[in-house]
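Just below sit the structures, each encoded as structure tokens.
Consider the two complexes below, in which chain A is the common component and chain B and chain C are the respective partners.
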Partner chain A sequence: MFQVDVDYLKKAKKRKDYAGRVILVFLTIGGLVFLLPLVYLVCTAFKPPEELFLYPPRFFVSNPTFDNFKQLTMVTANSLVPFTRYLFNTVLITVAYIFCLVWITTMACYPLSKHKFPGKNGLFKLVTTALMFVSAAAGIPLYLIITSLHIDNTYLVYILPGLASPTVLFLMKQFMDQVPNEIFEAGKIDGASEWKLYTEIALPLLKNAQATAVILTFSGIWNESATSTTYIYKEQLRTLGFFMSTIGGGVARQGVAGVAALIMTFPSIIIFVIQQSRVMDTMAHSGIK
Partner chain B sequence: MAKDKNKNNSPAQPKKRFFNVEKRFGYTMHEMWNHKISYGLIAPFYILFITFSLLPLIASAALSFFYWNVLEAPVFNGWTNYVYLFVDDALFLKALSNTLYYAIIVGPVAYILSYFLAWFINQVPDKIRPIYTLAFYAPSLTSSVAMAVVWSVMFSNDSAGYLNSLLMNLGLISEPILWTTDVDWIMPVGIIVALWSSLGTGFLSFVAAFRGVDRELYDAAAVDGITSRFQRLLYVDIPQTMPQMLFAAVLQITSALSVGATLAGHPTPEDAGLTIMLHLGDYSGQRFEVGYASAIAVVLSLLIIGLGRIAFKILADKE
Partner chain C sequence: MAKQVVKLKKQQAHKTTLKFGSFERRRTIEGWTFSIPWIVGFIWFMLIPLFLSVRTSFFITKLTDPYGFGGESTFVGFDNYIDVIKDPAVGEVVFNSFLQSLYKVPIVVAFALFVAVLLKQDFPGRTVFRVIFFIPVILAGVIMAYLFSDSIGSISVFSGMLSSGGMGFLSEIMDVSIISQIGTIMWSSSVEILIFLAALQSVPIILYEVVELDGATAWESFWHVTLPYISPFVILNAIYALVDSFVDVSNPVMGILEEMTSAGTKYGMASALSWMYMLATLLVILIFVLLTRRWLR
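Our next item is the complex of A and B:
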């Protein structure tokens, strides 16, 4: 009886997999369609002016140039503060934000997953509910809190308000739940303090979850421009995203705006390409049970 | 349940009793004292969370019962804001119907698209999977501000726009369609653009979930006569990815209902592109009627949390 089943399995494997091929073709076409706007963005950035205003419009670039990049440097030469200052601000804010975010979320997910303290379930339920919060809906109270803490017009206003991300904490905690408790118990028997258990056992185990946190938050903070508009009055403290949004689209500056969009978009994509396998590892545990 | 397995890490013999352990309150306080390190570790996250997420929302809920123009002291006015919202504010009803129209299409379509594209990706050989994942996920990494440069050209209102010139060359239309100013097209165009970048965190979580399904389950199913991949989807993949389906549904509901300006910008002709978030922004940012704006925020939050609860009811593990 069992023998028959195995033969059946073998036969099933040998059969030509037509459905698989259809799926592959479908995915390839779908993938290309999804990539079209990005391909167009790259083309726009490299188009010379005469190609930008062709009629009928042409999708691909035929004589790529760096004119738009040069033009962007010209636009930036006239900006209120040097372009490098915007870039510096954005890099500083992004690095500080992501570092702090990873730090506080890994620190919070460890006890939420491995300790048993009063109020633990309620606190985690709060995070699950917070997945449904729309923070932008409470703009005015948030504004009042930020101004009364006097963190407006400082770098802190970019970093602090968005630091406690329910999505990231949720993912990390679910990931942590998969780690066997015995690892920590063994550490405790060896006399390690809770802090040591966190830094030397939990943190290395959460490496992939940390990469996920980076992916999920990078694009948002790198493109940050709303905070610059609302809370910052000093031009020296504003971000690259803010500056790029002031260049504006418009017909005349299409090429320059394309270059700007390219600069804002590609770092996120590159980081995703590098970290993809680690992200998949974390997301496998992302379910709500 | 996994959390019940967690061992209590309090020491067996506390050196000193700070509280009367025989009483329930005392016992809880005692337990809390034993876990002071746990509280210390979660403190930074929760302090920031309460200050910048929870407190503003609670404040909003409270303010929704007041009239407040920021300059003068708030005046309590009971349910007035809510009554006005549903009875007298025709614009709110317009915004509500626009938002629901958007959410009813974008929400389910993006969700189903995420699920099946992720499943399709799981059917192709391991080595090429990351390429497809990247192709579908990359759009959600872009910022809408940056991509406006692409979409405004694609959906340009004159005949030089890509879509208009394409459709005219094909002979499908004789005059350019006013994508971003025609009342009938504002929302559909917004929806198309939104769908393009909708394969986000939920999609990734699906791709990962399918990857994480135990191969042995397929072999076990095969012995039971389940060999086609569609049967496998029904009997193995869907049950195995239920938790991620809930996670993605929650994220999808929230993002679909909190939609702001579409490609047409704000304001739009006949308010065809007005959404709840934009209406709220008008009242808080332009007119400084904070109480009224807060009432809108409360209605939106309740809508999202209510739908989220329904998703929990349908998809949550019923063990």
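Our next item is the complex of A and C:
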């Protein structure tokens, strides 16, 4: 019945290929701009001192050396607290923070999306307005609250203040909205309690949203250094991010700072590469409608 | 007719049991129990500090009594606000940052939409490109500060690389600062690209098939299918970009705030400034939403 116009199909395919090439060119140019800082970071890490202080500064390295890496090992060997302690602190804080964050926000998003209860709309409006809060306005009161709770100088100060994140809750809620209500109704008919509905149905279905939350928050908490400077006086409780930022203090250690920054970046990139397909998925599904 | 009345009565009866019955109450309790950890954290570490900073903004404070509860600080009413408005330096910086946002936001949104449309196409290496365009989100905190700081030795990446080395010829043709600004703007559009990608994926493929059958070109189908369909996301992204540029740490207003708070005695003024700034931001967003409301589906 239908005659396939082979010529037309061939032409269409060719046209598409041509378009594909144009796209690739544009994306490569754009991608280069996005890659530049990373390349610059890598280059700086391998630059010998005389190249670091060239004026005008050069982008690429011409005589790459491992000197900066050697210096970094020397600096870390001489630090007040063993390097591994900083690493341990950071890993502990990151894992604890992300676990709690995901737990708290998934729990809050479940009734916000699937239940009807008085005060729900007000709560959600508050969340959306909170996205626009200028947190700098609350800096000093926040400091005083933290000191009055006596959680300064403990691990808790890294974890507690940032847990109630409106951005993550907003994302989770949008994703939860996409999950059909019928699934939960079915569970309820089978006699599942609310807790069971949350752990057995909501959590597995939110896996992609969780991955997104991990990516969006990971690099922030992994590189944390401001909290260490403001609230922590014991060197043993400070983070890797803080340690790395102190290394770059002097002009003489620019290269070492570059190496430190490079090393700090790697975990974030690895986490992203592992989780990225899930994130794209989430973004597609959450749709923010 | 009679059947309908019976049905209506049944519905009403159902409604009343819902309202006063235990079901509704249980749901309320459950709802609040599930959200309570988040709410407590939110109130404690966000709402209370914000409330206190409102209070601070009406006082000339002393370090020992930052909120004016102890009686050591003096209540000055709106004096702090008036002082901020009168300060010519502050006014200029705020005005400039608003002006900057006005031209930055359209560029960010247009660029993000463009890239998202390209990234949505099916071509080899798509994942790699998607990762590349997401790099700015990965490189947060210390590293960003390191890359974009203007201290000796580590000059801001974009101006650094353009004024030097391999691409020196560019700086001869054009003003370097413009290019470095474009670079920075592009760099701040990562999240917007992601949102657009998601939006594009939510457009039903059927629509494209229909217009293709009607003989529309890709260009036409973009303007008549894609853009109308994702217009809410364009507005969402514009708002996101606006907020992002207003509260960005590199925004000079944030610098003024920091300066005021680190001086120690100007907490009141700093709070007043940040509240006025926030209200102005909200006002801009409100105006924007009102203007664009007719494009929303």
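Keep in mind that, in the parts below, the second predicted complex is superposed on the first by the 241 of 289 C-alpha atoms of A that agree within 3 Å, B and C clash if a C-alpha of one lies under 4 Å from a C-alpha of the other, contacts with A are read in each partner's own complex, and residues count from 1 in each chain.
Please note the rule applied: contacts are C-beta pairs under 8 Å (C-beta built on N, C-alpha and C of every residue); 3 or more make two chains touch, one makes a residue touch a chain.
What you see is a predicted model; the values in this text were computed from it and never measured.
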item: Chain C versus chain B on the shared chain A, clash or fit after superposition; value: clash
item: First, second, both or neither for A:Lys234, with chain B first and chain C second; value: neither
item: Touched partner set for A:Leu27, first chain B, second chain C, both or neither; value: both
item: Chain B versus chain C as contact partner of A:Asn121, first or second or both or neither; value: first
item: Contacts of A:Asp177 with chain B and chain C, given as first, second, both or neither; value: first
item: A:Phe272 touches, of chain B and chain C: first, second, both or neither?; value: both
item: Chain B versus chain C as contact partner of A:Lys188, first or second or both or neither; value: first
item: Footprint overlap on chain A, where chain B in one structure and chain C in the other make contact; value: 19-20, 23-24, 26-27, 30-31, 34-35, 37-38, 40-41, 44, 56-57, 59, 103-105, 107-108, 110-112, 115-120, 123, 126, 130-142, 144-145, 160-164, 166, 169, 194, 198, 216, 219, 223, 225, 241, 244-245, 254, 257-258, 261, 264-265, 268-269, 272-273, 276-277, 279-280, 283-284, 286-289
item: Interface residues, chain A side, partner chain C - complex; value: 19-20, 23-24, 26-27, 30-31, 33-38, 40-41, 44, 52-53, 56-60, 103-105, 107-108, 110-112, 115-120, 123, 126, 130-142, 144-145, 160-164, 166, 169, 194, 198, 215-216, 219-220, 222-225, 241, 244-245, 248, 251, 254, 257-258, 261, 264-265, 268-269, 272-273, 276-277, 279-280, 283-284, 286-289
item: Residue numbers on chain A that touch chain B, as the complex places them; value: 5, 8-9, 12, 19-20, 23-24, 26-27, 30-32, 34-35, 37-38, 40-41, 44, 55-57, 59, 103-105, 107-108, 110-121, 123, 126-127, 129-142, 144-146, 149, 160-164, 166-167, 169-170, 177, 181, 185, 188, 194-195, 198, 216, 219, 223, 225, 241, 244-245, 249, 254, 257-258, 260-261, 264-265, 268-269, 272-273, 276-277, 279-289
item: Residues of chain C that touch chain A when the two form their complex; value: 24, 27-28, 30-32, 34-35, 37-42, 44-46, 48-50, 52-53, 56, 66-67, 114-115, 118-119, 121, 123, 125, 127, 129-143, 146-147, 152-155, 157-158, 160-161, 163-167, 183, 186-187, 194-195, 197-199, 201-202, 218, 232-233, 236, 243, 246-247, 254, 257-258, 261, 267, 270-271, 274-275, 277-278, 281-282, 285
item: Residue numbers on chain B that touch chain A, as the complex places them; value: 2-3, 5-9, 28, 31-32, 35, 37-39, 41-42, 44-46, 48-49, 51-57, 59-60, 63, 70, 117, 120-121, 123-124, 130-139, 141-143, 145-154, 160-162, 165, 169, 196, 199, 201, 204-205, 207-209, 211-212, 222-223, 227-230, 241-247, 250-251, 253-254, 257-258, 260, 277, 280-281, 284-285, 290, 293-294, 296-297, 300-301, 304-305, 308, 312, 316-317
